[in-house]
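Dropping the structures in below, format is structure tokens.
Same chain, two partners: subunit A is paired with subunit B first, then with subunit C.
== the complex of A and B ==
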């Protein structure tokens, strides 16, 4: 078991390094931060001074080494725009993002999982078809279209809710609804197919054949098995809690991490972008790790494999 | 004496395609009945339908009585008491027949809690006794293991233990040894007949293996294309099959004693359930078929004491067989 855990953690660390490296190289090749931040009309000597100050004159491999040296000392760089530590800028925005993504995560699960289970148990019924049609619509419509649609109906036409900003809890409703609907649709479809797969298994028939009432067949025989694939997608959703709302935050002018990312990329504010990506990679990888360990908990077959590995 | 289980005119259709077309079976107390036929002939469907275990879209009609009580259309709570409590069932593929995420103890105790008036420690003790009974070594420790930690033969033993948990009157064994190695097959069949004798339980052994049925059953019913075509005591059926299909099945078996002879195969294939021939379903493959065979499906009729056959050419077929035997 110790070896299993060590391998998983090693792999997770490697993933983070790869993501950060990729971001580092692409950002540096895709535009000059000095020109972006100072503007094309800035005098050449100012631009040169800026480059020197931020180490942009150094060869890229040296910049890369410096970057990792800094990370090792807990230094994630400073924003090129206002000189504040990048990590501080990002951390300031996290509560705002979580204020959207946490409730949205709750609604996704509360809506998507029961809908999927219900649809699977009543396969082919009118409700099943309705749930599946809604689900397909829910994840084919891009979130910005859904967001604009909701704004059009609830802000412009009905005037019930504000269309953007962060002044009160009412401002959070439309962004949360937008995020919840798409995620719930994905979850419903996933849960439904996981349930259908499990319900077709011989051990479900065995349980019925020994006289277990149907309700209990579903709760104590089918659900624990269907939970295994569903946990995968849930883990992925936990991974997007920090930066999963980029589009929605932009549409609703919500000052979260997602909006900070968009602005920072546009300005080539390298340290800030890298800091956000590092954070995103870390949450993704951590949630994947948790999922891996949950598998072991949910599925005794994997537990045995892990123990032998 | 009225039979323990009486199935009459049982028909099943999936999406309008009939797969079972009027099956009559009577099973006496403590009797061992073999049900043979090719796959798709309706052997398993008969008992899944009788116990209400078919998927919702299956259309079931006819009558299934247990001690005179109708099971078809019975309320779910009554069926749940019958299933596992009075009629238990074990299945072909032991590897997937047990829930992979629950321990053996949990699955055994669940059956015990449903059908036996046992509490707390007594449940665990009984679970251990059942595992001992079916020959799982080190039962007390193995109770906390998961299904994947057992071999196929052991899982089938556990399935049998679970089926015995409710002290059933009937055990339906649906191809219980098909997925197992030959040596394990013999052990499982031996276990089944021992248990049946000791518990004076009736058993239905569903199999496509005539040898298995001949050794373990008092009486055999041969199924073809959703119907029973011949029913007879085992020894009589194997010595003197009357229906041309039953003759074909037995003719395809190599004899264990006597001179070597060429094995005969039944020509053609089983008809597609969606396109059944009118009249006798076996007529297109039957050497004795005449025009009348295509007109109406023959019903099971008695030809001797305790023997029935569904064939209008039964007499001719019998003579033909004896003629061949005399040659």
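== the complex of A and C ==
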């Protein structure tokens, strides 16, 4: 088990290194980082100080190492727009994003997983077909279209809910519904196929053949095995909690990380973009790591395989 | 394909499976229509897509002059839609082709060299799969600004890791099979083995993957363009139109509904064809 944990943590660290490298390469390729981070209007002495502080006159490998050191110390640059540290700007926006993504995550799981399991257990039934059709719709209707349709119906036509802003809990309803519906559809489709694959396995037939009641076959043989792929996709969804609402936040003028990112990209506010990129990478890596450990818990075979890998 | 499988499909075709289900036929018709539109967009379009008609701003759809109405500057929505379809499909096809070629090549390289090369490729696929693509795309756009070639190239990074994984796995198992060993014994070069012998044998699985990646590229591009960060005006794409139409949602929802419907039906059609192909070509991918 110790080796398994070590390998996973090693991989997670490697992913972070890759993301930082990606940011470094892209930043260097795109022009003079001093001008990029500080903006074209920065006074020359500030640029000179920046070049010195960031070691931009050093050889490239030294710059690369320095870049790592700076990031490890939380020096992520300042926003071009108001000169505040980028990390502070981003952290401020996180609660607003979580206010949408956490409830949405809950609804996705609460709707999608049971629907997928039910559809798989009643394959070919009317409900199965309904679930599959909804799931396909959830995949083919992009979130911005769904969001605008909801606005059109519930804000414009019926006038029940506000179409954007963040003044009360009612403003959060449409964004949360948008995020939940799309995610639930994906999850239902995924859970269904995971479940169907497990139900086709010989051990399910064996369990049925030896007279185990169907309900027990499902609960103690099918569900635990179908849980493994489902947990993978759930892990990915946890990883997107921080910045998974880019489009939806933009439609509903919700002041979260996603909207900050879009505005920062439009203004080429690189320090903020870089900061969000790293933050997202951290969340993704952490949640993947947790999923890996959950695998070990859910499936002892993987743990054994991991030990020999 | 061997004789046995040929006979097998011939028998199945004769006895059970109807040639093409209605839904698939409709989907294929739609895609063909889209391709024709993409090819001849500017010839079919009744107006230039940037042509203003300031006296006819925000006209309702259904009138003789403008079938789908006009937008806030009096530009014909139908004409803009047709040109948008061309741009969006151009990006989607270009990007899908890039990611298929890059992914398959990397997968083959990993399968051929194994060892360090394989580890590197696997590490890159893990990395790509573990980062939300939208965030990376936005980061690149922020750093490099925007242009159509860059956008196509960027979208081409989308989904390559799936081809790489599939190509690697299938090529490794194909290498262990008799036919690959036989041509290798006959002295064929590696590139000949991979391109002339292994690729045709695993093509069906790769084609099915293409039908999964293609709609996602359309959705990703339209999402970026919707946010105002993809295709830039005066050029127009489906996502772009939805983005601008959103401003006029209350008064003139058709500006946004026409491109939105096109996006949804197109992705749906490709998915339907993909599902069907998967059932026909590759029973292991259920």
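Definition applied: the second predicted complex is superposed on the first by the 260 of 309 C-alpha atoms of A that agree within 3 Å, B and C clash if a C-alpha of one lies under 4 Å from a C-alpha of the other, contacts with A are read in each partner's own complex, and residues count from 1 in each chain.
One rule holds for everything that comes next: a residue touches a chain if its C-beta (ideal position, glycine included) is under 8 Å from a C-beta of that chain, and two chains touch if they have at least 3 such contacts.
As the structure is a prediction and not an experimental result, all values here were calculated from the model.
Participant: Looking at the overlay on subunit A, is there a clash between subunit B and subunit C, or do the two fit?
Facilitator: fit
Participant: Between subunit B and subunit C, whom does A:265 touch in the aligned arrangement: first, second, both, or neither?
Facilitator: After superposing on A, A:265 lies in contact with subunit C but is clear of subunit B.
Participant: Counting only touches as set out at the top, which of subunit B and subunit C does A:221 meet: first, second, both, neither?
Facilitator: First partner only, subunit B.
Participant: Look at A:9 in the shared chain and tell me whether it touches subunit B only, subunit C only, both, or neither; answer first, second, both or neither.
Facilitator: neither
Participant: For A:142, using the defined touch cut-off, is the partner it touches subunit B, subunit C, both, or neither? Pick first, second, both or neither.
Facilitator: Once the two structures are laid over each other on A, A:142 reaches subunit C alone.
Participant: Have a look at where A:60 lands relative to subunit B and subunit C in the superposition and call it first, second, both or neither.
Facilitator: It touches nothing on subunit B or subunit C.
Participant: Give one of first, second, both or neither to describe whether A:207 is in contact with subunit B, with subunit C, with both, or with none.
Facilitator: first
Participant: One more residue to check, A:133. First (subunit B), second (subunit C), both or neither?
Facilitator: After superposition on chain A, A:133 lies in contact with neither partner.
Participant: Look at the residues of subunit A and decide whether subunit B or subunit C touches more of them.
Facilitator: When the residues of subunit A touched by each partner are counted, C comes out ahead.
Participant: Enter the shortest inter-chain Cα distance between subunit B and subunit C once the structures share a common frame, rounded to whole Å.
Facilitator: 10
Participant: Once bound in the complex, which stretches of subunit C touch subunit A?
Facilitator: That would be residues 123-124, 126-127, 130-132, 134-136, 138-145, 215, 219, 222-223, 226-229, 239, 242-243, 246, 249-250, 253, 256, 260, 263-264, 267-268, 271, 286 of subunit C.
Participant: Which residues, counting only subunit A, touch subunit C once they are in their complex?
Facilitator: Contacts found on subunit A: 11, 14-15, 18-19, 22-23, 26-27, 29-30, 36, 136, 139-145, 148-149, 151-152, 156, 193, 196-197, 239-240, 243-244, 246-247, 250-251, 261-262, 264-266, 268-270, 273-274, 276-277, 280-281, 284-285, 288.
Participant: Note which residues of subunit A are touching subunit B in the complex, please.
Facilitator: 124, 201-203, 205-214, 220-221, 224-225, 228, 298-301, 304
Participant: Which of the residues in subunit B come into contact with subunit A in the complex?
Facilitator: Against subunit A, subunit B makes touches at 48, 51, 53, 57, 76-77, 80-85, 88-89, 91, 93, 96-102, 110-111, 114-115, 146, 148-149, 159, 162-163, 165-166.
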